[in-house]
Amino acid sequence: LGPHSEASEDVSIRLSDLAARLGGSLEGDGDLLITGIAGLEDATAGDISFCSDRRYRQFLATTKASAVIIGRNLDLPAGCRADLAIVRVENPYLAMGGTIGLLEPRYRPEPGVHETAVIAAGVELGKGVHVGARAVIGEDARVGARSSIGAGCVIASGVTMGSDCALYPNVTLYDGVVLGDRVIVHSGTVLGADGFGYAQHGGVHVKIPQVGGVVIEDDVEIGANSCVDRATLGVTRIGQGTKIDNMVQIGHNCQIGSHTIVCGQVGLSGTTKVGSGVMLGGQVGAAGHLTIGDGARVAGGTGVTNTVAAGVTVAGYPHQEISRWRRVNAALRRLPELVRRVSRLESTLGLGGEEDE
Amino acid sequence: LGPHSEASEDVSIRLSDLAARLGGSLEGDGDLLITGIAGLEDATAGDISFCSDRRYRQFLATTKASAVIIGRNLDLPAGCRADLAIVRVENPYLAMGGTIGLLEPRYRPEPGVHETAVIAAGVELGKGVHVGARAVIGEDARVGARSSIGAGCVIASGVTMGSDCALYPNVTLYDGVVLGDRVIVHSGTVLGADGFGYAQHGGVHVKIPQVGGVVIEDDVEIGANSCVDRATLGVTRIGQGTKIDNMVQIGHNCQIGSHTIVCGQVGLSGTTKVGSGVMLGGQVGAAGHLTIGDGARVAGGTGVTNTVAAGVTVAGYPHQEISRWRRVNAALRRLPELVRRVSRLESTLGLGGEEDE
Amino acid sequence: LGPHSEASEDVSIRLSDLAARLGGSLEGDGDLLITGIAGLEDATAGDISFCSDRRYRQFLATTKASAVIIGRNLDLPAGCRADLAIVRVENPYLAMGGTIGLLEPRYRPEPGVHETAVIAAGVELGKGVHVGARAVIGEDARVGARSSIGAGCVIASGVTMGSDCALYPNVTLYDGVVLGDRVIVHSGTVLGADGFGYAQHGGVHVKIPQVGGVVIEDDVEIGANSCVDRATLGVTRIGQGTKIDNMVQIGHNCQIGSHTIVCGQVGLSGTTKVGSGVMLGGQVGAAGHLTIGDGARVAGGTGVTNTVAAGVTVAGYPHQEISRWRRVNAALRRLPELVRRVSRLESTLGLGGEEDE
């Protein structure tokens, strides 16, 4: 039904082998057989766990895991079990991901086209493609090798999809959308719907036909129930390696660079340009016709109203540089006291002034 | 096609019987035959209406309803019709809901599996299950008695669903999602998509496999086009009786308690913990790795950036206790005047100072 | 598969004919054959381009387009090519839309019902209707002439749809939803899901049955992954010619007037009344049980907490008149300096006072 589904069972690995594969240094019994991975609080005997955030360091003393993956320099808290094996690595979060991949390999759907799928004339399917039940693929669409199309997806005519893509069930791609290789799109997401463009004419909104395209480059992942609108003219582009969370709205003619992170419920108005290596926090909004420079970071909830320079971190609405925003905000939280101080000054000077509140 | 669809017609009830079923006290003609229910402004003869909010009390004087449901102590406005029958109850809104249930019983889809549904091997369907047209159910999924699965739903392999659930059309459940009894999920909602987790490695975002689950407990309702992501490890959990509106984003590993209300377009980042009996207003955002305590109330649009204690009400961004936020906000709205007052003080003291604006 | 899909090719038009059709005045070679339309930076020989925003005026000097559409009074920048033909019109954006319509006529899906569509008993389909693959239409639904229903759409029983409507793939209409003529609904959108209404009773949220309807009037367009909830009683109504962007949430019993613009990710709580000719910017939230008057404009990100008068422009949270909001905001951004000024005043007067930060 989709690229998820049953992980194979009974996978296990010797701890010393695991440490070697992670490039980690081992402290403890390398012969331990690791059969699962779980959080520090949930792990039981046979499991490996991890600590990638100092905030959770205390749980190392109480975890029932057989082994833990931690940073090179993390100091263990008092009270850790003597038989708790330790694997030290540079990046525990990365190592955890690798360990999950070893212990719980992802199900890959079987190659083949379900008998209830509807494949139009002129469609080219690469080797090893999976097409799920009731998926619909329109005229002249091309699907690269080993890509999977989940149940209920609708791929309109002229779509081009690279190899090793995974579309989860009920994704919709409008006509002519282009996906690179290894693109992942989660359920409910719509790529290529019309941009929101109308010309005002005599009090009526006249629709501007949206005839541009959408290009999603290699290694992009897009979460569930998100939208990337097609361009009015030209293309809306999501750059290589960029990761987009759920319920994100990307307006027509936006250009997003490579390796950028776009968190949940972000909304980019039409013709927003976002650089590479950018981080947009949850629920950020951008006003459109502006640029967010390479490497910029935008705090969750920020309203971006004009250009953000490369490399800076911003917050607030309208956005400002974050250290400035923090100072303003700290002062704001003490504003009632400031009002009192001004009233005291006025009364000291016998300025009757305005009464406060 | 779904649990909605045609209400049966020609239902009527004597007003005295209705009052008795609602546990209300009747003032007026108990022999009135009530044949419909409508708002105060829309109601016509034969209808019963209601007033659950003092703001709408004035419409009691002009309504054409034959009867109205009101609170025990509501004083009628001047000019009410002499023949307007009154049913007084403790909770008029609750009584209105009960009355709708009596007068417009909800259509329940016929038991049976539509011939175009695709049911994989190993699926267990309980007694009286409805599966709509083109629904797809994956290997080994279990559907409890009397549950309905709307047209176009995709239920991936290994899903477990209790009894008396209602999935509206085009819902997507990823593999292994668990629903309790009497869970309602509206169209377009996606449960179990991958959490948004990547490890940074050399400027590239490496995907952390998301192999945990989603558990939706009994009596939860989830609106349309919402998302609950699967956990990285462990489960994302929505507690018993919690109600979630449309377009809500629940990140991986969130834990929501029981009988909590989550309004539209709320976004909870990964690993947010929300207690029981909480109220989250519309468009609230939470930063993740924090706790919102039992009984807390969060005003619409609030940005929750760290822990909220049980029982408190918060607002603003970053959030603060609401009475404090109101004071800050009242002072903020008079800030231009405060600036003028400070300028006057400076000029009184001959402090040339900074010029304002 | 949907109303998009392959534009016909090899369309061309003489520039003098195009200028005449647009009601524009021509400067340059009327015999030019225009074969395409593109943005100023992307256009090549044979293309017509346009400049509807002074910000992009500079690109007139470097465009490779053969002709451009500009405003009546726009002054050309220095350095424009001598052979660049100019078409001057009242409204270049409107003219651009018309030109796209001429050069890239929208694909209209072939009339006919796909063999995999599921059409229930009692359905009435008008002349020239298109029903895509795997679409499902419930009992007694009526679809007007020339309307198209994309692949995977689910139209529940009793839906009424006018003529010349376009539903893109995977739209869901709950039972009894009413669409006028020429309504466009993009993929993933859900119309008619239950309003979010519960009565509190003993710590439990008791569902209020939602038995009202949804009416979408003529010429409305609704973007992708949006929701319009059905009314509790009565109807939720979207007025004629109103345009709604992606991921917009319209709560139960909302009333929106005609020719209103609702940008992406707006959320309207239940029983919000929005007038005609209103503009709601992106991510606006409204608290419900309030009115936004005719012609009002609400800036992106605004939190509307009570009634907005007709014709005014508001911003902020809670919203205020925008010029007032701008003054408050300008003062807010200088708040740290104001705190320092107050501290200086205090020290001048020997008032030890509170120390700042």
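Each chain gets a letter, A, B and C, in the order it is written, and its residues are counted from 1.
In this section, a residue touches a chain if its C-beta (ideal position, glycine included) is under 8 Å from a C-beta of that chain, and two chains touch if they have at least 3 such contacts.
Nothing here was measured: the structure is a model prediction, and the numbers come from that model.
Undergrad: Classify the inter-chain contact topology: is it line, ring, star, complete, or other?
TA: complete
Undergrad: Taking only the C-alpha atoms, how many degrees of rotation bring chain A onto chain B, rounded to the nearest 5?
TA: Fitting chain A to chain B on C-alpha positions yields an angle of 120 degrees.
Undergrad: Could you check if the interface between copies chain B and chain C is built from the same residues on both sides, meaning over half shared, or from different ones?
TA: Looking at both copies, the contact residues mostly diverge.
Undergrad: Suppose each chain is reduced to the average of its Cα coordinates; what separation in Å results between chain B and chain C?
TA: 26
Undergrad: So which stretches of chain A touch two or more other chains?
TA: In chain A, the residues touching two or more other chains are 116, 134, 152, 170, 188, 225, 247, 265, 283, 332, 335, 338, 342, 345, 349.
Undergrad: Residue numbers of chain A touching chain C in their complex, please.
TA: 116, 118, 120, 134, 136, 138-139, 152, 154, 156-158, 170, 172, 174-176, 188-190, 192-194, 196-201, 203-209, 211, 225-227, 229, 232-234, 247, 249, 251, 265, 267, 269, 283, 285, 287, 289, 303, 317-318, 320, 327-328, 330-332, 334-335, 337-338, 341-342, 344-345, 348-349
Undergrad: Can you tell me which positions in chain B touch chain C when the two form their complex?
TA: Listed in rising order, the residues are 1-2, 4-7, 37-39, 42, 53, 55, 91, 93-94, 96-97, 100-101, 104, 106-107, 114, 116, 132-134, 150-152, 168-170, 184, 186-188, 221, 223-225, 241, 243, 245-247, 259, 261, 263-265, 277, 282-283, 300-301, 329, 332-333, 335-336, 338-339, 342, 345-346, 349, 351, 353-354, 356-357.
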